[in-house]
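Order as written gives the chain letters A, B, C, D and E; numbering starts at 1 within each chain.
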Amino acid sequence: MLSALAYESWILHALIWLPLLGTFHVLWAAEDRAKWLALRWSLVVFVLSVGLWWAYDPALGGGYQLTSSLPWIAVWGVNYALGLDGISLFMVLLSTFTTPLAILGSFNYIKKRQKAFYALMLLLEVGVVGVFSAVDLFLFYVFFELTLVPMYFIIGIWGGERRVYAAIKFFLYTAFGSLLMLVGILYIYARGKALLGVTSFAFVDLLQIPLTPQEQMWLFGAFALAFAIKVPIFPFHTWLPDAHVEAPTPGSVVLAAVLLKMGTYGFVRFLLPFFPLAARHPNVVTLMLTLGVIGIIYAAWVAAVQPDAKKLVAYTSVAHMGFVVIGIFALNVNGLQGGLLVMISHGISTGALFLLIGMLYERRHTRLIKEFGGIGRVAPWLATAFVITALVSIGLPGTSGFVGEFLTLLGVFENHPGVGILATSGVIFAAYYMLPMVQSVFFNALEKPENREVRDLSRREVVILAPMIALMIVIGVHPTPLLRRMEPSVQMVLERVYAAAPPSAALIESVQEETVETVERVE
Amino acid sequence: MELDFSHQAHFIVALAPEIILSVWGMVILMIGVSPRHSHGPEGSAAHLGWLSLAGILAAALSNGWLYSVTEVGTHSMVALDGFALFSNWILLAGAGLGILISQDYVRRQRLQAAEFYALLIFSTVGLMIMAAARDLIIIFLGLEILSIAVYVLAAFNRRDPKSAEAGLKYFLLGAFSTGFFLYGIALVYGATGSMHISVIADSVASGNAHGALLVFGIALLAVGFSFKVSVVPFHMWTPDVYEGAPTPVTAFMSVAVKAGVFLAFLRVFSVAFVGAYERWWAILWWLAVITMVVANLIATVQVNVKRMLAYSGIAHAGYLMVAIVAANETAAAGLLFYLLIYTLMNIGAFGVVILVSGQSEERLEIQEYAGFGWKHPWLGVLFTVFLLSLAGFPGTGGFIGKVFLLQGAMEADLVYLSVILVLTTVASYWYYLRVAWYMWMRDAPDGATDEPIDVSLPMRLALITGVVLVLYFGVFPGATMEWARSSVSGLSAVGPGLTGLAP
Amino acid sequence: MRPFGLLLLQAPGLEDSQAAWEPVLPGLIILLPLLGFAINGALALAAARKSADAVRAGREFDFFGNGRAVTHTLPTWVGPGVLLLAFLLTVVNFVGMLGAELHEPVIRSYWSWITTGDLNIAAAIQLDQLSMVMMMIITGVGFLIHVFSVGYMQNDPGYPRYFAYLNLFIFFMLVLVMGASYPIMFIGWEGVGLCSYLLIGFWFSDEEKASAGKKAFIVNRIGDLGFLLAIFLLYLVFQRVDYAGIFGDAESVFVYGGPVITTVTLFFLLAAVGKSAQIPLHIWLPDAMAGPTPVSALIHAATMVTAGVYLVVRSSVLFALAPLSSAVVAGIGVLTALFAATVALRQQDIKKVLAYSTVSQLGFMFLGVGVGAYTAGIFHLMTHAFFKALLFLGAGAVIHSIQHALHHSNKDWDAQDMRNMGGLRAYMPITWIAMWLATLAIAGIWPFAGFFSKDEIIWMTGAMAGAENAPYAGLYTVYWVLALATAMLTAFYMTRLMVMTFHGRNRTGATGAEHLHEAPKTMWIPLAILATLSVFGGWINVTTDLRESVLGGFGALPMGEWLHHWLEPVTEAAHRVQEAHLGELAHAAPLGGGEVAWGLISTVAALAVVLVTARLLGRKEVPVAVEDAEPTGLSRILFNKWYVDEFYHRWVVDPVLTTSRVLWRIVDTRIIDGAVNLVGNAARAIGWLGSLLQTGQVNTYAFFFTLGVLVILAMIGF
Amino acid sequence: MLAESLVLAGLIFVIGTLGVIVRRNAVIMFLCIELQLNAVNLTFVAFSRYVGIEGQVFVFFVMAVAAAEAAVGLAIIISIFRHYETVNVDSFTRLKW
Amino acid sequence: MPEILFFIFAAVAVGGAVGVVVSRSPVASLLFMVATLASTAGIFVLLEAHFLAAIQILVYAGAIMVLFLFVIMLLNLGHDYQRDIRGNVAMIIGFAVTGGIGGLLARQLGGGTAGLETNLGAGDAIDAALREYGAVGAIARPLFTDYVVAFELTGLLLLVAIVGAIALAKKAS
């Protein structure tokens, strides 16, 4: 009885459903109290989630912990099943950490229809936490899609000039991918039913289904497309700059920090363990690595010539996600761990960059780089925070950005030296896109009179940025606790990738015979 | 209670809901022509509305009671299996909600209330007959009852030329398709020597049926059904009629008529013709594909909400065709479940359209929804939920329904069809979301009249029922799904069983 | 993990070596500058807030009126203070190590930095003879430059920020030299690059300066690419990345001259080339002179830029195992030395001359470490740190003074252009003397520090050319000749600098001249100390041959080959490899003659160059910059630095930018996004076309209906 | 006579179909539909002779339905004539696209 | 003899059908239609559907066609000699499509039904029923026994049609 009250048993449910309660609370409350309520709810969620750090024990192995499962749609064997492993733990923490900051960051930005906005932000949190803590594929998909709607409205209602275009593009593009994934999911399920008589969507059950190499290839394609669009991987990235540029600051923050991670998380969670034969197929590995490397270099180059600071940062996201992708498809511990760290680091640093650009926008109502200049003189704290974050973003050693990139590149280099060399050149291009922007915005002469009026960080803004910057540096200096928590799960994924063999001929034969029988019966 | 239909009085039991409804319809007609009502105050229309609803409820009660009755064998012309009973729920729900959303409209447009409700009820009877029929004659008669009633309903607004035009187009093309449908029955009759579904099924399965006649018969029956459920290329009446008909009628047509015909469609093809599956699946496969593709693509360019919803309805017909093609138990259950959801969400969507149009046929352009959500947040949210459900978004019943259909397709190995289904779904997001974007992301044009929208009790009831159930089925679909699943298990007792086979 | 507090307690580390000698608070040496950074940084942020408010109000905040603001007094104590403490602590440790006869490095690790799979990188520091030398230079010279900066920068509004950066730089530099593994070194490596970036762009309101910082960072990153790849490759081979693990097994793991070791070392070379501004990545260093002059002295002369040399020496075993890479190192070094020296001949900006001189001297160091004279490389690094820091500081004092003068005479002339100087000897005697000492040292004139270090490098190059099994012997002979020639050029351009600056007529004009003044005490005392070191610093490593000849006063010079012996534990493995594969080095230069003879020749020649140059140039009337004619011919090419920057602009920067624009405007927007939009638009277009069939005419509908029937019947019928 | 009757019915059916496609007059179109029904009736009767009486029963129902359709259809035509003053279907294109 | 009669009736029926489609005047179409219906009734007789032949004449040709005529007169279309057949292009396309269907039907029904007659028992089925119950009784019996539900439904159908027709056609109040 008492065990039911233990933190482990209710925390994941609380993390998902508290924001939903918050959504209704915000909707029900008065307009001017909305932001504070939302902040409070998200803070409560964050504070509660911190305990996960200790609740998750890497010593118990890489499997799921804090699991709980309730039957949801019994006919299909769908369960409302939650759990965490070393990979999803940090994604959940990242989500709960980012949301209150994003909410706090929207206090000045969102002036109209606040209630709706904050309700949607909390609803978004429901979705993202659900995505990362679901251990049932159906449930995962539901949450995966559920994140689209709040984001669609956040971009579409509170966005910039071309917000509707961006929102629709975001929605359609990502829905396109995820719907194909849905077909893939149902295909696996149908195979499980046909081959093993298993009706379940639980990850652990689906992993047992013997899929032939060809099937794995196709399914890999379906899943990979969904996640590749979400990540996004070159050449599926064009929705991202549009979405980011048009989205309001908090939208961009959550989009960059959490939503993109859903794609790479999907890579690690599904592509590798579910379709190991495809995932380790040389052609697939080559393709993914190639796309990743192209993403790194191409996005960096394109970013470098962007006139809009926010768009620039959006493209850098593509480059960073390229690192994650090649890290994952290095298919070794270092690469995967590195990829995961880049995800975390990118979440924090790019989130912070978007917040900072949002702060600039609030002050100047433009994001064109050439409109700025010499801001460092009038807003030194802002400039300092920006420069630090930019340096994290380009992977300065001693910051979180470096650890991830280092491990990623190391992992890639281990298995594919050529790709490693090309990808490593990304460190040059990171400087090539980021520093000119920093210079044009914060350095150079303070010529424009309107730039003279730019205010420095307010206390609220300091409160937002300080924890982010602190975290970037702490992770950079001492990432081992994170790595230690992730490693068992990463090892499990890799074991699965390398241990998997094509389903035995006997099994497939027996299934085929069965099919033939049925055909005969019908004919 | 067991029925073996050895005595014809048994039909009175088996058809209790239909009979109740028919009688109720006649009573309403009589009340309507009584002098007090025919020239009475406007309020009388409302009384008739509630009275009709009571009839629906009475039929529903008797339908519930029928669960205690079992039939013996499958030789009767009217089935009393789970499928039929579940179908009745869907159709009664469609009719009930249809009546709820029509009440204000009928009053505002000063339509002939008694005739309106009576025809609505009679067409429901026709639909229920169709869904339960085990004989092509009964199916044909049910189809005609419903068709004739709906032809009239489409043309019912005599002050509106569009309504007349809709009625004429529907009638001419409907009668045209009836010809093909009848021809199909004739050929099947010639090929198998019977019009009873179980006999046909046996004949087809045993290979005794005359192949050349049979396949044409099957094809022409498919054409006839396809017309009624508006499958491309037999869909062309749909947008025009949906646009022109009085909106509540459109709503009723789009859900109940489609549902009833689909149910009969499923029974005929999955039971009677299942033995010739290899011959017809490809035809329906292509019909499903072009329906989904064409409807969704054309819908993206529509500017009139009713017309957009018409194409949306065609697209949904395409999705439902997937279940017919799959022809297995899951798909059949999925079809039932989807039709139930579709009834709720589509009626809901039309309900909001009726409210926006001020109970008349104006303000139907999508542009006129600009800023609507912020002016009427409750209605905006409701409409958004209905649209998301139509789009098949998780959290709503539409999603579960779509997944159900996809599962059926998957079990039949219809992978390509599933892929096409989801790809066209992406296109459908565009036009559903477009309404949402006008509602929430555009500001109302300056100087737009800010009429208050009065949501009357019946409308309120319909919308709330709709949204609650849509969300309920989206979140807790389990029980209903199981119910749907057990409802179709009776079907397989008829023919050689629903196969799980396709290329 | 051990909490950070334990850093000071030197708790036994994860992989701590068990040495006889216990270092004293080694972590604190690193931590002190970081502490200084934290304090100064906080002060800087506070000050910046005030000055920002003032800027918004349209004026400059006056930190100096009514008594200095606390933000501008505290750094004076904190900045140099932490350095002094660090220096003292280093000295204590140095003394301890002197007595310990250490053969193994002392490793202290504090926490595991990156642990994953079989990779384990500890946050560990390593104390050995090499890092100790570097620490002495960094904290010692660093402290002097901090002190100098107090005088030089104290009227700058960014004073606390300046010290914050400077402290941070020292922190990273110490991490670089003290790290016990390549990744830790890389932290310092990039960290100093960052500080360099921040300090070059210290006056960031000036676009040119900000751009120079950016350029430095980006060019450095090209080198960093090499560093990372080298680490990766080493990890691939050894599954570990710490020095102890790699160097211990290197000889057994690598084949001498094999492709892997060659690749590793070439990657390291790329890193070193970037950091140490060697050809072809030298372009950033001259621009880096945009920073405050003490920064040029500290970072761009004495410490950071020599990190490449440190890297090669640190990896000496690896380079010794890769003769090709070593030859490339030496080749790049000597070419850079010659190239930079030629450019320095015609520069008019005093700091530019010094910058190219630095590049040139770094080339010498590379030549040294390339020919396997690792000690000589470090030796030259050290003496160069003394005299080049002195030269820069002196130049700083000069510029300070000239600026003052020009300010008062209302001339907007360039305060760094030597043509606007002249005759400063009379006004700044201490600076003048100090700088002459440094000039003689850099020119390689006996017995100044530079003579011994440079001579050893040149001598070793010659010796290498004649080694028993020397690969590329002819190549080394060429290097030797070029090195000698470069030494002469050095003497020439340094003399030119001195003459133009301090001798002849003063060209600032009468009003200006009144304001010329000697540097204040905080500035000239460091000059004096460095001058002393420039004179005597070379005596710590006089080769035995020289020491026992006339050049060593027949053994009178103290210390002998002290540095050589001191570094022996670090370089012995490399020397062992060299001996094993190269055999005995030659005892005569390629043209014949021993070390002493060539030492004499070179010092006499250099002295001659100095004297002749002084004589010739001293007579010439130098026109002020604004009146000077444009240079022509070779002079013009040299003045424009062989057009290397232009070359890069034309062939690297512009193509990259153009490609980027093409990628964005065409590939991204048109092609990729175009395709995405095309799908959407095409779908809608098809939809629109489809809707056109919906004519509203019943006949049409019936027709399509019938057509459908026909198709279906045809399908099912066949 | 079965095959001949079937072919004859098919022919009449097709002619009726053609009529629906090419005639603009709503009444004639409806008449052509009646032609189709007539052809179907013929088919039923032809089959009925060999299969059983159900075919004839069905034809009976079809006639009833035809009558009902005629009543409603003509009512609709009258109703639309009130609005458009014509029965030419080309005029009824308020609803399109 | 029956064969000859059949072909005569068939020729008239087809001719009438073509006449319906191509006549300029609606009234002429109507009359052609009556001719077709009448000759079809003749074929019904040949196929031993005597009762149906009777009601074909009475109900179909008599009642329904008169209803059509009423409407044509009511709407004053009787003198409308405008040719309302679509143009050549539509004609050709329509002809091609319907011709295609016709061809398929002919191929399937004519060629494909060979042997069907003997299979089905060459008219035995209906003869027995006629012998036993007579022309009317043969239809009437199943109508009120096996098909009673259908029969009742027909009643409902007619009710719907009446209600609908009245609701539409009566003058708007």
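Rule of thumb we're sticking to: a contact is a pair of C-beta atoms (placed from the backbone, for glycine too) under 8 Å apart; a residue touches a chain by one contact, two chains touch by 3 or more.
This structure is a prediction, so every number in the text was calculated from the model and none was measured.
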{"item": "Both-way neighbours, i.e. chains that touch chain D and touch chain C", "value": "B, E"}
{"item": "Pair of chains joined by more contacts [C-beta pairs], B-D or B-C", "value": "B-D"}
{"item": "Maximum centroid distance from chain E, chain identifier (CA atoms)", "value": "C"}
{"item": "Most centrally placed chain - per-chain CA mean versus overall CA mean", "value": "A"}
{"item": "Centroid comparison with chain B (C-alpha atoms), farthest chain", "value": "C"}
{"item": "Interchain centroid distance [CA atoms averaged], chain C/chain E, Å", "value": "102"}
{"item": "Length of the line joining the C-alpha centres of chain A and chain E, rounded to whole Å", "value": "69"}
{"item": "Centroid distance [mean C-alpha coordinates] between chain E and chain D, Å", "value": "8"}
{"item": "Whole-Å separation of chain centres (CA-atom averages), chain A against chain B", "value": "41"}
{"item": "Where chain B touches two or more other chains at once, by residue number", "value": "137, 141, 144, 148, 151-152, 155, 158, 167-169, 172, 176, 180, 190, 193, 216, 239-240, 430"}
{"item": "For chain E, residues contacting two or more additional chains", "value": "86, 90, 94, 97-98, 101, 104-105, 108-109, 113, 116, 120, 147, 150, 154, 157, 160-161, 164-166, 168"}
{"item": "Per-residue multi-chain contacts in chain C, two or more chains", "value": "680, 691, 694, 696, 698-699, 702-703, 706-707, 709, 713, 717"}
{"item": "Chain-chain contacts as defined at top", "value": "A-B, A-C, B-C, B-D, B-E, C-D, C-E, D-E"}
{"item": "Parts of chain A lying in touch with chain B, wherever the complex brings them together", "value": "71-76, 113, 141-143, 145-146, 149, 152-153, 156-157, 163-164, 167-168, 171-172, 175-176, 179-180, 182-183, 186-187, 189-190, 193-194, 518-519, 522-523"}
{"item": "Residues of chain D defined as touching chain B within the complex", "value": "6, 13, 16-17, 20, 26, 29-30, 33, 36-37, 39-40, 43-44, 46-47, 51-52, 54-55, 57-58, 61-62, 65, 68-69, 72-73, 75-77, 79-80, 82-84, 89, 92, 94-97"}
{"item": "Residue ranges of chain B in contact with chain E within the complex", "value": "8, 11, 15, 22, 26, 29, 77-78, 112, 115, 118-119, 122-123, 125-126, 129, 135, 137-138, 141-142, 144-145, 148-149, 151-152, 155-156, 158-159, 167, 190, 193, 210, 212-213, 216"}
{"item": "Residues of chain E touching chain C in the complex", "value": "86, 90, 93-94, 97-98, 100-101, 104-105, 107-108"}
{"item": "Chain B - residues contacting chain A, complex", "value": "277-278, 374, 388, 393-395, 399-400, 403, 406-407, 410-411, 415, 418-419, 422-423, 425-426, 429-430, 433-434, 436-437, 440-442, 477-478, 481-482, 485, 496, 499-501"}
